[in-house]
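Two complexes, one shared chain (subunit A), two partners (subunit B, subunit C).
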Partner chain A sequence: MTAAPTETRPEPRVVRREALHFAVRNGKLVTGFAVVLVLLLTGLLGPLLLGSAPPNEYVAAPMLPPSAEHWFGTTTFGQDVFTQFVHGLRTTFAVGALGGGIAALIAMVVGFTAGYRGGLPDEALTMLTNVILVIPTLAVLLVVNAYLGVRGVAVQGLFIGLTSWPWAARAIRAQTFSLRTRDFVDLARLSGLGTGRIIAREIAPNMSSYLFMTFILLFGGSVLIASSLDFIGLGPTEGVSLGLMLQNATQWSALQLGLWWWFVPPGAAITAVVGALYVANVGLDEVFNPKLRTT
Partner chain B sequence: MRRYFGRKLLVYALTFVVAVTVNWMIPRFMPGDPVAGMLARAGVSQPAAVEAMRVYYTNLFGLDRPLWQQYASFWGTLLRGDFGISIWLFPTPVSTVILRAVPYTLGLMVPAVLLSWVAGNRLGAFAARRRLLDNTVLPLGYVLTATPYMWLAVILAWGLGVVAGWFPVAGGYSFSLQPSFTAGFLLDLLHHWVLPFLSLFLVALGGWAIGMRNMIIYELESDYASYLAALGAPARLIRRYAFRNAVLPQITGLALQLGVLVAGALVTEIVFSYPGLGSLILKAIQNQDFFLLQGTFMFIVIGVLVANFVIDLVYVVVDPRTRAGMAGARG
Partner chain C sequence: MLTSDMLKLDNVTKTYRVGALGGKAVTAVDRVSFDVRAGEVVSLIGESGSGKSTIGRMILGLTPVTGGSITVAGAPVRPGRDYYRSVQGVFQDPFSCYNPVFKADRVFRLIKETYHPGVPEDEWAARVRAAVRDVRLNPGEVLGKYPHQLSGGQLQRMLIARALLLDLKLLVADEITSMLDASTRVDVLNLLADLKARGLAVLYVTHDLALGTYLAERTVVLWRGTVVERGPTEQVFGDPLHPYTRRLLAAVPRLHAPWEDAPEVRSCLYHDTGAVGGLAEATPGHFVACARLSDCQGDVS
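Right after this comes the complex of A and B.
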C-alpha cells in the first residue's frame, strides 16, 4: 500500500488530518466529548475506587444531606447516593452502547441492502421499516419486559436495539441510494467486486462520519428509553441504574421529604450524557460538512 | 393522491397486524410458562386453589388448542372489542378501565404536543440567523430535548409543588371532590393539570425549536431565497417563504416523534399520579395484570395509528404537491 502512486493515495490522509484540525478547534465537539468522557470515566473507575461495597448496601444513617463523607447524601434507607450514582452511570453507558450498537448494526444491514439493491428487496425492507417505525417503541418494550421475570442490563439493551433502528435505517438507505450511482461505485462493480465488498469498501467509508453520527443519536435514544423503562419499574432486577434511582426516589417520597440530593443527580447525569452527545454531534456535523463551518 | 393514501393505509393496516401478532406472541413465546409465573406471583398455597387457577388461566389463553386456533380466536375476541377482564380491578372489563383513563391522557397530551410544536417552530424560526438569540435558544433547546421527561416532571413537582406550594403534585383532581361539571371542579382539574402539562410541553419544545432553526437556515441558503434577496425582497418576506417550506419536515417529524411523546406522557403521568394510561400501566405492572397491560398496548398503538393518519391528512392540505400526485410526499 505504501508503494502506491502518490497522487491517489495521500488523499484520505489529508482529509483525515483536515478533519482533525477542525475537530480540536470545534468548541461544541470538544465540550461535548469532554463531558461524556468525564462521566464515562466516573462510571468506569468510580466503582473500582469506591471498593467492592454493593451499591444497595445500607451504610449510614438515613436521609443525610450531602457531606464530605457522603458526597451526594444518603437515601431514606441509608444507602450512599454517590455509590449508587457511579454504578448507575456504568449501567447507563452499558445500555447506551449495547442498545445503540445493536440498533446501528440492524440499521446498517437494512439500510445498505435496501439502498444498494433497490427493486424488490428495497420495497420489502422499506415496508418493514415503515411498519416498525410507526409502532411506539416504549409500549412494545413495556409488554416484553413485563413478561420477562428476571431482567438484566444486557437483555434490556438487546430489546431496545431490536426496536429502535427504523429511522436510522431510513436515513442510511437514503444516503446509500445517492451514492450507489456514483462513478467510483460503478467502477468497482465493473471490476467484479461483490456486493458485500462494494458496500464495505466503497460505500460505507464514504459515509463513515454519517454512520458515526447516527450511532451517537441511537446511543442517546437508548439511554433515554432505558431510563423510562427503569422508571416505570421494568428496569434490571439486580443492581442500580440512574432510572432505577429516580424510580426509588419518587416511590419512597423523596419529593415530599425534600431529599433533593436523591433525585437531582441521576436525572442531571442522564441529561448531561445525552445533551453532551447531541452537542458533540452538531460539532461533528460542522467538522465533516464544510458548508456549516462558521469560523 | 389515491396512491399516496393507499400506500399509507397499507402501512397502517400492516402495522396493526404486526402489533396484534406481537401482542399475541409475547406471552406464548417468552421463556418460561406465563401461567406458572402468574400462579407463583399470586402466592396461593392451597393445591386445590392453584389447580383451579391453572385451569382458569389455561382456558383463558386457550393454551390447550393448536396455535393457529389460538391466533384466530385472539383476533376474534379483539375485533369484538373484548380485551379481557382486569385482574387488578376484577371483574371490570379491561376496555372499561382503559376508556376511563384515556380522556386524562388525551387532555394532557394533545394540548402539550400541539402547543409545543407551534411554539417550538416559532421560537426556532425566530432564533435562526440571529446571533444573540441563537446562542441562547440552541444550547437551551439541546438541554431540554436531552432531559428525561420524568426528571423534568420530578424537578417541577419538587420546585413548584412541594417547595413553592403553588400546585398540587398528585392526582387528576382533589380527593375531596367528586367529578362533576361545576366551576369549582373544573378549576381544580385545571390546577392539577398545569404541572404535568408544563413538563411535557417544555421537553418537547426544545426538539421542535432545534429542528425548525436548522430547517430555516437550510432554506435561507437555498436558491429561491438568494433569488428573492437579489430581487430586493424584504427579509421578512423571504423568512415567511422559508418558514412555509420548513414547516413540512416538521409535520413529518411530528409523526415520527409520536412514539417518544406517548412515552413521555406515560412517565410524566406516573410522576404526578395523574389518572391516565401511564398510571394504569404502573398499576398493571405492580399487580401483574397482563390483560390490562396488553389492552393498554393495543389502545396506544391504535391511538398512534389514528394520529398518524390525521397528520397525513394535514400534510395533504398543507403541501399542494401531494394533491397533484407529484413528488414530495413523505416516505
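Right after this comes the complex of A and C.
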C-alpha cells in the first residue's frame, strides 16, 4: 500500500491550507472582507495622499455640494468633508481594533478559564463578569470625562474595550462548558495534553468561527459605541471621527439645510463596515466547519 | 512484584457534592474492590447509573477518587504523560471522541507529538498504517478523512489502533460496542481478544451481559455503586447467587424460550456465613454481597 502524500505532512499546515482553500472560494467572506479592506485602505492611505492638511481646516466656500474639487462637498464652515471622512475612517478603525481587540482578549481569557476550570474560578469570574455587565457605562464615562480633560482615541478605545467584554465572556464560557464535556477533550487528556494546550488546540479550533464572530461583533460594537459617544459629545476632544462628523452635522442642522453630503458618507461607512463584517462572519462559519462546506 | 495484578481497586469510593453550596453528597461508587491481571479481560457489568463509567474514569484519572485506592502495576493513578503511556481508554461514543473540525487521523498525530516526537515522519506513517491494519482497517480508506465521513465502527477501531501505538498495559473499554451494529460489535470484541492475547489487561465496562460473557474471564456485577457479585464469569452467570444478578440474567431475552421470572434467592450467603467486609466467598474466587432479604440482620450497605 502506498501512502497518500498528505499522510506524512504535519497537520496544522494542512488545516491552514485547507481553510485558505475554502476561504478564497467563499463569496460572502470575500465580499465582506473586500468592503472592509477598501474602507480600511481609504482610511490608511487617504490621509497620506491628501497631504498634511489638518481635517478641520477651512479650505473652501461653505455648503458646497460634491464636486470634482471637493468630492464630498464642504460643511457649513467650508471644511472639506472628504478629508474629514478619510481621517474619520482611520480613527474609527483604530477605535474598533483597539476596543474590539482588548474586549476579545479579556473575554477569551475569562471565558475559557471559567468554562474549562469550573468550580470556584468559574464562580469568581462569573461574578466579575456580571458586575461589569451591569455597570452603567455612560455614567462611568461621564465620571471619567470629568477627570480627563483631554481625551484621545486610545483612551476611548481602552474604555470601550474594558467595558464591552462581559457578554462575549459569558458566551465563550457557555460554549467552552459544553465542549469540555465532550469525549475528545478526555481523549486529548489521555494523549498527555495539558489544560492550556487542550483549550488552544481542541476547544478553540472548534469555536474558531465563533471566536472570530465575537471579535467581529466586538469590533462592530466598538465602532458603534464610539460613534454614539462622539455623537453625544463624549468623544475625543481633538481630531475627527465618523461619529464626530455625524455629531457636527446634526449640531449645525445639516439635515434641515439639505447638506446630505455631510452626514450620509460617515453614516454609510459605519453601516458598511459593521454590515460587511457580519456578512464575512457568515462566510467564515462555512469555511471553518467542514460539515457546512458544499464542495 | 508478587502479584500479577495489573489493576487493583481497593475500597474505591466516589462521592459527588450536589446542591447549591455542595451541601448534599451523592455516593456514585461505594467501596468497590476488584482486580484485573495482565492478559485478562474483566467485565464490569451494571445498569445505567450503577457507577461503572465513573469507575472507568477514575482509573483513567479523569475523575478524582474520593476514598480508597486504585493502583496500576503497583503504582497509584497519576494522570499525566507517563501514566497514559501504559493506561488508555476507549469510550462509548466514537463520534464524540473525534474533534469534528479536524481529520480523524489527528488522534495518531497527538500520540506522536507527545510520545514519539523523535520518530521520523515516514517511519511514523508506516507505524500508523501498521496499527490501522492491526485493527483490520484499510489505511487508504480511513486516513486523511474527517470523522463525519467515517462509520462508527471505523472510528472505534481507529481509537483502538491509537492505543496500540503506545506501550499499553491496561485498557479501559467503556461501553465501546454499545453504539455499533451487531456484526461490527463482534469484530471489535475480537480485537479486544487480540489485545488480551498480547498480555494486556482489559477492563470491559458494559451493560450487555451477552457481550460481557463473550470475552471475560471474570465478571464484576455492579449495582447502585456497590459490587454485588464477582468471580469467574462461568460461575457468576452459571450459578448466580445474588438476587440482582439473577434478575439481570432473567432479563436477557432468549429465542424459543418463554419469559421466566428470576429464581428466588431464599437465603443470604453473606449472613449465613457470617462474613465481614462487604462480600462473602461462596466458592474460591466467587464473591457475593448481602442479598438484602427481609430477614437479613444489621446494616451492611
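Following the convention adopted for this analysis, the second predicted complex is superposed on the first by the 232 of 295 C-alpha atoms of A that agree within 3 Å, B and C clash if a C-alpha of one lies under 4 Å from a C-alpha of the other, contacts with A are read in each partner's own complex, and residues count from 1 in each chain.
We take it that contacts are C-beta pairs under 8 Å (C-beta built on N, C-alpha and C of every residue); 3 or more make two chains touch, one makes a residue touch a chain.
Just so we're clear, the structure is a prediction, and the values are computed from it rather than from any experiment.
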item	value
First, second, both or neither for A:N206, with subunit B first and subunit C second	second
Partner chain in contact with A:G118 - subunit B first, subunit C second, else both or neither	neither
Greater residue coverage of subunit A in the superposed arrangement, subunit B or subunit C	B
Which of subunit B and subunit C A:G78 touches, first, second, both or neither	neither
Partner chain(s) touched by A:R182 [first = subunit B, second = subunit C, both, neither]	second
Which of subunit B and subunit C A:P66 touches, first, second, both or neither	neither
Subunit B and subunit C footprints on subunit A, overlapping residues	291
Residues of subunit A defined as touching subunit B within the complex	126-127, 130-140, 142-144, 146-149, 167, 170, 220, 224-225, 227-228, 231-234, 243, 246, 249-250, 255-256, 258, 260, 263-264, 266-268, 270-275, 277-279, 282, 291
In the complex with subunit A, residue positions of subunit C that touch it	57, 60, 62, 79-81, 84-85, 88-89, 91-93, 96-103, 105-107, 109-111, 114-115, 121-122, 124-126, 128-129, 139-140, 143-144, 146, 148, 159
Residues of subunit A touching subunit C in the complex	1, 3-4, 6-8, 10-11, 14-15, 182-184, 186-193, 202, 205-206, 208, 288-291
Interface residues, subunit B side, partner subunit A - complex	11-12, 14-15, 18-19, 22-23, 26-27, 30-32, 34, 37, 139, 142-143, 145-152, 154-155, 157-158, 161-163, 169, 221, 256, 258-260, 262-264, 266-267, 270-271, 281-282, 284-286, 290, 293-294, 296-297, 300-301, 304-305, 308, 331
